[in-house]
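Structures for review follow.
What follows is a pair of complexes built around chain A, which joins chain B in one and chain C in the other.
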Partner chain A sequence: MTVIFGLAALLAFLGGVGVVTSRRTLYAALSLVLNMVALAVLFLLLDAQFLAAVQIIVYAGAVMVLFVFIIALLAPGAEERVRPLELRVLLGGLAAVVFTVVVGRLTLNGITVGPNGQLHGGLGPFNPVTVNAHGQVQTLGEQLFTTFLLPFEVTSVLLLVAAVGAVYLSRRRRPGEEE
Partner chain B sequence: MLDWTRMLFAYLPLLVFLAMVVAFGGAMTVVTTLLGPRRPTRAKGLPYECGIIPAETARRRFSVSFYLTAMLFIVFDVEAIFLYPWAVLVRHTLHIFGLVEMAIFIALLGVALLYVWRKGALEWN
Partner chain C sequence: MSPAATSVLLAVVVALVKGILIIFVLATTFAYLTLAERKISARIQLRFGPNRVGPFGFLQPAADAVKLFLKEKAAPEGRDHFLYLLAPALAAAAALFAFATIPVNQTICIGGTGGAGPLSASCPGGYPLHWDLAHLNVGLLFILAVTSLGVYAIFLGGWASNSKYSLLGALRSSAQLISYEMAVSFALVGPILLAGSLNLEAIVGQQHSLWFVFLQPLGFLLYFTAGLAETNRLPFDLPEAEAELVAGYHTEYAGMRFGLFFMAEYINMITVSSIATVMFLGGWMAPLWFLPNWLGPLWFGAKVGLLLFIMIWVRWTFPRLRYDRLMQFGWKVLLPLGLANILVTAVFVAVR
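So, the complex of A and B:
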């Protein structure tokens, strides 16, 4: 278990480093795929099967296809090497630390880890202990399709708007406007 | 803890498959490099373009149609992802209620498909 976690975490890290250090945008996009697939493995390790599926099907699949097509549409050359801005690096590091602390604090809210790695306690109806006992896909599905029925149905309207927007954005120019 | 390990075990075939893909691809490359004769010529060094002499640079801009296709793919991909948790629950938890709500969800996206179709966005060119 620890070996798989270490391997996936390392690949995710390498993918992330590849995204920011690659000078060719396409290589950066491919590094992002590596990062996303490794994250999906980490989600599986956390028993979040639905998130893993979303990560692979939507992010590593559809979103990356869009990224690659946008790169092909813009056809950029290699990025020029610029000196990294110290302030940007500093702020990025600060954001990473704050994010990790906040998310970690929220996740571990009232939860203690037992000697064999099992979790105890936890506040609220939906904490890692109760959710994992019931199954993450089951918990998420039950909430989504009953309590959050309206937002779920509104999502389809949102997707409808997205489809209309996509058609509008890439509409054919009238003759004469052609490049 | 025990259950945890057993769940992950279900993904073992996937890992084996992945390992075989990497091993096969790697072995093909290594073996051809080791055993194959190497007589490079200028023609052999050209990028492979279906066997013809490369017509133009590959670094040109692609049609916006690819972009539209990818965006529409995301829309219907996100629709499909909702079917996964639904499929887990519909039979024993949601029953007819779940069937109806998913029918409404899909019907609304059917309107999207109809719109995209009628606008000719599914046609190439």
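So, the complex of A and C:
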């Protein structure tokens, strides 16, 4: 387990670094794919099989395919080098630090560190034991359509709006253009 | 050695043996599938087919393999070196990996009480031998996830070749795969609703009295049609329409690099047939009531073989579709039919 975790975490890290440092856009996108697949392995280790499968199907299999497609077709040139102390670099760094602190704080919620560095924490209502007893997909589906029904529906409306907008933009004719 | 370490070691050894066995069986089936394709096509066209190497041409695959390995690995100028080499390996890896969760027999309890149950649930004191490499609860989603990564191999292979035929073939192929992936998933929702599970072994277990093909005839037809498109078989083999595109995305590949793409295509055929067998044809269940059920893998293989034969038969029977018709067929026929099938099945399951 620890070995697999180490490998997957290393790959995810390398993928993340690759996204930022690759000079060629296609390689940056492919690094992101590597990062996502490695994340799916981490989900598997956390006993979240459904999440792992969906992570690959949706992100690596669908979203990133379109990214790679468009990058390869538009063939953008190499990225321009940014100077290290530019404003956007500083802002980006600040955002990264804030994000790390917030996510770290949320992750450590309810977890205390023992004297020898071991972690203690209580299990919530949705822990691996209860979720696996009820079925992962079943639990997720029930929660999605009861507790989180409103956010779920709002998200689907958002997607619908995006789809309608995309169709409108691609069908719009310039004045004088024949149908 | 502690019990925990022993069980980890056992799991690793079992997984290794299963993995090697799967690769061996798939590679052999692939080799003889190419021979079967040539033999059957020859019969359909009133020819003999390969019959020089060994009796009835049975050693032809070996000769083909030697030829592929020894051929010069010609590669185009101006290619993207890394991606050009990565693409065939990725294609073969995705094709082989997809087979990991397909159960070819029911779980067998070695030692302990409980006996051979239909599901993995009970095997106290013994070792439950699963007949798949990874016994996932979401086995079906895993297969869909891994096969959806095959698009990268095809697209990157065509793009990295720095050739317009390859790029056009890759574009067509990726667009086709993405479009028909929807139809494949929709067609598979029917059996999932009926079985109430994503575990492939549980889905087969639900079919012990009646195979799902009789409850989901439309779903089966939709899946098989979309599966033909997913494996780039005629009448949907637009990506490699030789009259327009030379050989599509693998035009610039030679030797064993081409061989890997070739292998990936045939293994994908086997995977599609296996999924159809598991989801619709009752997996390892005996086809007739008086036949013994303990011959599970044999029945599984026979059903997969039958579907493979139909795939080859279709190839030499139907002409190729035009590309715009192909897209229309996928989006305007298969997809709405799949949705309607889901709706009817869901109502049926809800009122049952």
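The rule is short, and it goes like this: the second predicted complex is superposed on the first by the 110 of 179 C-alpha atoms of A that agree within 3 Å, B and C clash if a C-alpha of one lies under 4 Å from a C-alpha of the other, contacts with A are read in each partner's own complex, and residues count from 1 in each chain.
Definition applied: contacts are C-beta pairs under 8 Å (C-beta built on N, C-alpha and C of every residue); 3 or more make two chains touch, one makes a residue touch a chain.
Note that the coordinates shown come from a computational prediction; the quantities given were computed from them, not determined experimentally.
Of the two partner chains, neither chain B nor chain C is touched by A:Val129. In the superposition on chain A, A:Val33 makes contact with chain C only, not with chain B.
Set against each other, chain B and chain C differ in how many residues of chain A they touch, and the higher count belongs to B.
With both structures placed on the common chain, the touch criterion links A:Phe50 to chain B and to chain C.
Of the two partner chains placed by the overlay, neither chain B nor chain C lies in contact with A:Leu11. Contacts of A:Ala60 after superposition on the shared chain: chain C is touched, whereas chain B is not. The interface of chain A with chain B overlaps its interface with chain C at residues 50, 53-54, 57, 61-62, 65, 69, 72-73, 137. Considering their complex, residues 1, 4-5, 7-8, 11, 59-82, 84-86, 88-89, 93-94, 98, 101, 104-106, 108-109, 111-113, 115-116, 119, 121 of chain B touch chain A. Against chain B, the residues of chain A that register as touching in their complex are 1, 4, 44-45, 47, 50, 53-54, 57-58, 61-63, 65-66, 69-70, 72-75, 77, 116-118, 137-138, 140-142, 144-146, 149, 152-153, 155-157, 159-160, 162-164, 166-167, 169-170.
Across the complex, chain C meets chain A through its residues 83, 136-138, 141-142, 144-146, 148-149, 151-152, 155-156, 159, 171, 174, 178, 181, 198. Contact residues of chain A toward chain C in the complex are 26, 30, 33, 37, 40, 49-50, 53-54, 56-57, 60-62, 65, 68-69, 72-73, 135-137.
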